[in-house]
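Once you've had a glance at the structure underneath, I'll fire off some questions.
As written, the chain order gives the labels A, B, C and D, with residue 1 at the start of each chain.
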Amino acid sequence: MTDSVNSLLPVWACLASLLAVPAILIFRKEPFLREGATFVAGLVKLGFVIAIYQHVKNGTAVECVLIEGPLPIVLRVDALGMVFALVASSLWILTSLYAIGYMRGLKEHSQTRFFAFFAVSLFATLGVAFAGNLLTLYLFYEILSLSTWPLVTHHQDKEARSGGRTYLAHLLGTSVAFALPALIFTWVKTGSEIEFGKAILESGDLGPWPTVALLLAFCFGFSKAGMMPFHSWLPGAMVAPTPVSALLHAVAVVKVGVFCVIRVVTEVFDTDLLTQAIGALSPSEILAWVAAFTVLVSSLIALTQDNLKRRLAFSTIGQLSYIVLGVALLHDLAWRGSVLHIAAHATGKITLFFCAGAIYVATGKKYISQMRGLGRRMPITFTAFFIGSLGVIGLPPSLGLISKFHLVLGAANAGQIALLVVFLISTILNAAYFLPIVYQAFFPKSDEVDPGEAGAEKFSWHSVKEAPWACVVPLSITALLSFGLFFTSGFLQELVKLFVASH
Amino acid sequence: MKWFALIAVVITGSLLIYGVSDFPDWGDAQSPANAGAKSSTGEPIGESVSQFYITETGRLTHVPNLVTAVLADYRGYDTMFETVVIFAAGMAIFAILRVLREDKHTLGPPAKDTTADGDHGRIIVGTTCKILIPVIQLFSLYVVAHGHYSPGGGFQGGVMLGASFILLAVAKDLGSALTWFTEKRFMTLACVGILIYAGFGLMAQFLQRHFLDYGVLHVILPKTDEVMARSHSMLGVEIGVAFTVTAIMFAIYANLSSRGELKRGL
Amino acid sequence: MADQFPAIIVLAPLFGALIVGLAGSRDHRICFPVVLVSLAVSLFASLGVFLQVLQSGPVSYFMSGWDTEKSVLGAGIELRIDAINGLVLIVIAVVSILVSIFSIRRAGEETTEKTPQFYVLFLLLTVGIFGMTVTNDAFNLFVLVEVSSLTSYALIAMGKARRGTMAAFNYILMGTVGASFYLLGVGYLYLKTGTLNMGHIHEVLTANGGEIGRSPSVMVAFVMILVGLWIKMAFFPLYGWLPNAYSYAPSTSGCILAPLMTKVSVYVMIRVMLGVFGWEWVFGHLGWNHAVVWLAVIAILAGSVLALAQRELKKMLCYLIVAEVGYMVGGAWLADSEGWGMTGAIYHILADAFMTLCLFIAASILVKRCKARRIEDLGGMFKKMPVTMTGFIIGALAMIGIPPTCGFFSKFYLIRGGIESGHWEFVAALILSSLINAVLFFRIFEIAFFGNKPAEGHGHEEGETSEQGSIGEQALSVREARLSTLIPLLVTAAIVILLGVFNGPVIAVIRSAIEPLIAVGG
Amino acid sequence: MKEFFETSIEPHFNYWVYVILMMIGLWAVIAKNNLIKKLIGMSIFQTAIILFYVSVGVKKGSGIPIIPKAKEAAAGAGEHGAAGAVNPDLFANPLPHVLMLTAIVVGVSTLGVALAVAQQLFKDFGTLEEDEILEQIKTADKASPDG
């Protein structure tokens, strides 16, 4: 157990973005002030998060009990939450910048609504990161599902609506049907104990089969983690504007899902519970194999996708399951890898999404097959794309290397050779679905003009320029971040060690 | 529907009969209802309310008619709401039926012309009513006032008083009954009746006692003690009840018979 | 003064009704202030008495001063307020004040010159509901049930819709049969116990090892009372009167009836179960909890599925009420040893009153403003009536059970009760109904957010000026509702959230009140 | 049969009658098609309960619950009984009568309101037969679902 201090800082960190909502609504006629409000809120939020970091890095948790009673609402920041909060709040600022460029570049409608719900969803994301008990976690999880729905369906057309329906049906449906009963069951089982900080369910509380059922109920219930078979909301949600896909479906929403899974595995179940034998397997191994299955299948599906954003979506599903898989290994090194991979994948994937969006803004192209030779016209974008994909694949120099290294080591040390192989195969698959894009963009095989395209649109490659600066700058920064964190990952590693040490 | 009704009736009926099977015999003076519940060993559980009423009412209220005493004093709160129920019914019928604006669409077919009976009928009926109505009204006042000593009271007297107006409306027509007993008057009277009732209760509250605790009113009523104040106040609330009942009985008749137009009667 | 609070709660609206009745027809403008003041007095008295209860336990008030010193128990009529009905009283007062504010302009429009009569009936309805909640006399309860029923028949039949009149007629038949069943049950009890005071009846039934309680006629009495109350609260097989009655009633009537009538009936059922027959008798001797919980499960599912089949907004909400009644009855009958189900049911009474009110006010505004009886007519409402829709969404989220609204927490406690008592079917039904509600309401949100038909293409618009863009199917004349209707809506929405966030103290109060009742049974 | 009659029916004769009366009323409420007949059934139903209550209060050999010279009796003159002032066995139980006075009033009020609603229905639909009213509602629904 770590020490803890009482402070209102977590509350302010959460509220910073929520308080921006009225400002955004008030300035709905003044785009500059409106987006200014978003920025200010983002900076303030990051400031608060950094202020909390000063406590957390010393191993003290920052706690704030909002409501007491049998169902308390508690914010409590520990190292794990800190990692996630740092990632989410810093990337929000960049995404806001990018969103301005993207939305203006495409002259999107209802921008006020967009920015307002964006701010709400960040509020919920930090709420999840700082949740001090299962109930608070669930509460912010649901707020996040609801506040991102208007973002996903932003285009309001038929495709967006059906995407939105799938989105809600999966996220809300699974959380109510699986996570909520699991949560209440835990609450009942332990006599109203749902606080994080030590294992909620102690060894001997449950038999092996109930453990498996409860574990899977939690993991499928928090279906933002995208584990198969409850993954199909993610590709569906790609109909959203790219900044949404970037922040929410590479960073906030999906990471909230895996974050919840990490919390559940590490805080709800005692390790003894997860290692009870059921035949040849243990509950954690069952979870690991579900995740491994997801990793492989989603990577294979990603290979077949031509729509860039869909390919990224399936890649995300795979990467999320990496993290789940790492957690399920129940090994220190693997846990460190998992948490680091949250940051690594976030920076890498957000770069990739930014690039996809920039390409769309500049050319209107969505499909990979249309992007041949585009790298020469948009060198910055595609260089960033390359760096981002390195991060996701786990090649040096990127944070992804460090996280995957830990994961692989963890698998080896835990004696799970089969799962180690899964990691390796999927890394190859990752490379197989990312690198050709970059290759084709820079070294087109055929001529620049695709004959099929030319007939229809008379599209001229020569007119293509880089996307507006507001798009290019953020994606450059995130690319640099992904690159730079490889060298400056020390503070993250410290946090991760703190997290692992506390369990 | 018939089959459903049959099933419902059979089930309910047999359930009720099943409950009847362990009732005490009819007319048993020692049944729990009449003499208080007793355990199998014959020990009483709590005190019998019914026996308390019979043995103590004389001492506590000086009212010979136990029904009146229970109605207006012990369970006076119930009775007040009983009056409120009547009042509510009057208001409800007004709210549902009353036609306030001349609206051609809501007008039904015109009521039958009652003069068709001819003048002979009118004269006989009219004369009889002239004689009967004052007698009825007088008797109803007696019933109200004498409720302490004989069967009677506010409800019974009020209904009779209302009936006398209804008789007038039936015998002549609604219009002539309404010329004196106008809508405004009977609606006001209905309110005033409950106000009298509740006012007695409220006065007791102002004198630091519980609602409807008439005993304390002896400080207001002249020449009374605690017990007689109860007796007198009961008369007061009975009069209030009579007001409301009279008014609403007539209101119900007037609205129903003229389809809410308060013009022509039946 | 303070010891008169229990009587004042009931009397304030009564005198208000009389004043409105006397003076209202001269000048309609005095109606509303009188209504507001009298209800505010009731609220004040409710709060006062609730504080007394918290400090020094249940409060008894003997009408006509016939307390146990001057007479025997049961000779006079006793009002009795414990923590649970203290809470219910506050809810009733708050709900009725909010509805009265909502009705300022509405009542005049919907009742054409019968405004004073409307307010008289409105206040008498609250009198009846308050009275049902405070009384400790089984027969007095019947009288007050009739006061509230008669007024609600009239409030429903006042509307112009002829289907409303037919619904009111059915309601009268069902309601009268229900009340008569109740009366009959009380008669059976009186026959066996010789008293009408609920506490006294309980004493007699449990005395000497509960030998009187074991007789068949007491069982029949319980069944009669239960069936009577089930009709009043529209529990599953007996719900037929409710949907049409509430959906075709004038909106102000619907808004006061829907949140209060069923909820108070459920409270009365709980009071009869715990206060008259007792925990041990109902769950130990009778032991029908499995059957009733299954019935509740059917009620929940049937209500939800029927709601799904509706295309009219208000009717959909009415079927949801049927489902919610299933929640409460089921929760009350879970009979887990720590009484979590009962706690959840009581908390849900409070929560559901506000949830229903929130949705009904919002639905009434929508129906009125844009003539949108049907769900499809709500296209683009979020743009045109953002405040109303915000209220609607909060109410809807509470119905679905999304934290931090009160609907989530009540479901939470109910599910806990289900798990502890091993009624997994009830847990499953609750979750399923949550999911159905989610489908139900998000169908509406989608239409309200984005218009009726999907927009053509991507809806790229020129800047901010044309934000309404792709939605405009409805006439643009639809604007936000009046302040007098928005204020109650928003206050209700705020309560829905606050009651959820601060559920802890409420639950603590409920627990402290029901724990002794459970302990009595052992 | 005779034994059954003597042990079950005879001592409970009033109660049997009330149940039968009540079921007649319930049958009419559910099964009759004409709304006024339904209301008549409802009244029978309520009246049956009144019979039940009044039967509860009966004591064999007692008189009406009016105690002449109440004051003197209260003062302890002991005209009627040995132990106390008044022998309760000589007077019928007043409570059921009071309750039924209330129930009668409630019944009358309900009937009044129900008749008003029925009259309104006749104004709206031109008939008081339930099936015809439902038919009209159905056809109106088909014509314009919002009506």
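Note that in this section contacts are C-beta pairs under 8 Å (C-beta built on N, C-alpha and C of every residue); 3 or more make two chains touch, one makes a residue touch a chain.
Since we're looking at a predicted model, the values are computed, not measured.
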Subunit B and subunit A - chains in contact with each: C
Innermost chain by mean C-alpha position: C
Between the pairs A-C and B-D, the one where more C-beta pairs touch: B-D
Chain separated most widely from subunit B, comparing mean CA positions: A
Whole-Å separation of chain centres (CA-atom averages), subunit A against subunit C: 43
Whole-Å gap separating subunit B and subunit D, where each centre is the average of the chain's CA atoms: 15
Distance between the centres, which are taken as Cα means, of subunit C and subunit B, whole angstrom: 31
Centre-to-centre distance between subunit D and subunit A (centres being mean Cα positions), rounded to whole Å: 70
Numbers and ranges of subunit B residues touching at least 2 other chains: 16, 20-21, 23, 31, 33-35, 48-50, 53, 60, 75, 78, 82, 85, 88-89, 92-93, 96
Where subunit D touches two or more other chains at once, by residue number: 26, 56, 95-96, 102, 106, 109-110, 113, 116-117, 120
Where subunit C touches two or more other chains, by residue: 139, 143, 146, 150, 153-154, 157, 165, 184, 190-191, 196
Chain-level touch network, classified as line, ring, star, complete or other: other
Subunit C - residues contacting subunit A, complex: 397, 400-404, 409, 412, 415-416, 419-420, 427, 431, 434-435, 438-439, 442, 446, 449-451, 454-464, 466-467, 469-470, 501-505, 507-508
Subunit B-touching residues of subunit C, taken from the complex the two chains share: 4, 7, 11, 14-15, 18, 21-22, 25, 61-66, 70-77, 111-114, 117-118, 120-121, 124, 127, 131, 137, 139-140, 143-144, 146-147, 150-151, 153-155, 157-158, 165, 184, 188, 190-196, 200, 203-204, 207-208, 211-212, 215-217, 219-221, 223-224
Footprint of subunit C on subunit D - complex, ascending: 26, 29, 35, 38, 42, 45-46, 49, 52-53, 56, 95-96, 99, 102-103, 106, 109-110, 113-114, 116-118, 120-121, 124-125, 133, 137, 145-147
Touch list for subunit C against partner subunit D, complex: 139, 142-143, 146, 149-150, 153-154, 157, 161-163, 165-166, 168-169, 172-173, 176-177, 180, 183-184, 187, 190-191, 196, 311, 371, 373-374
For the subunit A and subunit C complex, residues of the former touching the latter: 28-29, 31, 67-73, 106-112, 135, 138-139, 142-143, 146, 150, 153, 155-158, 160-161, 164-165, 168-169, 172-173, 176-177, 180-181, 184-185, 187-188
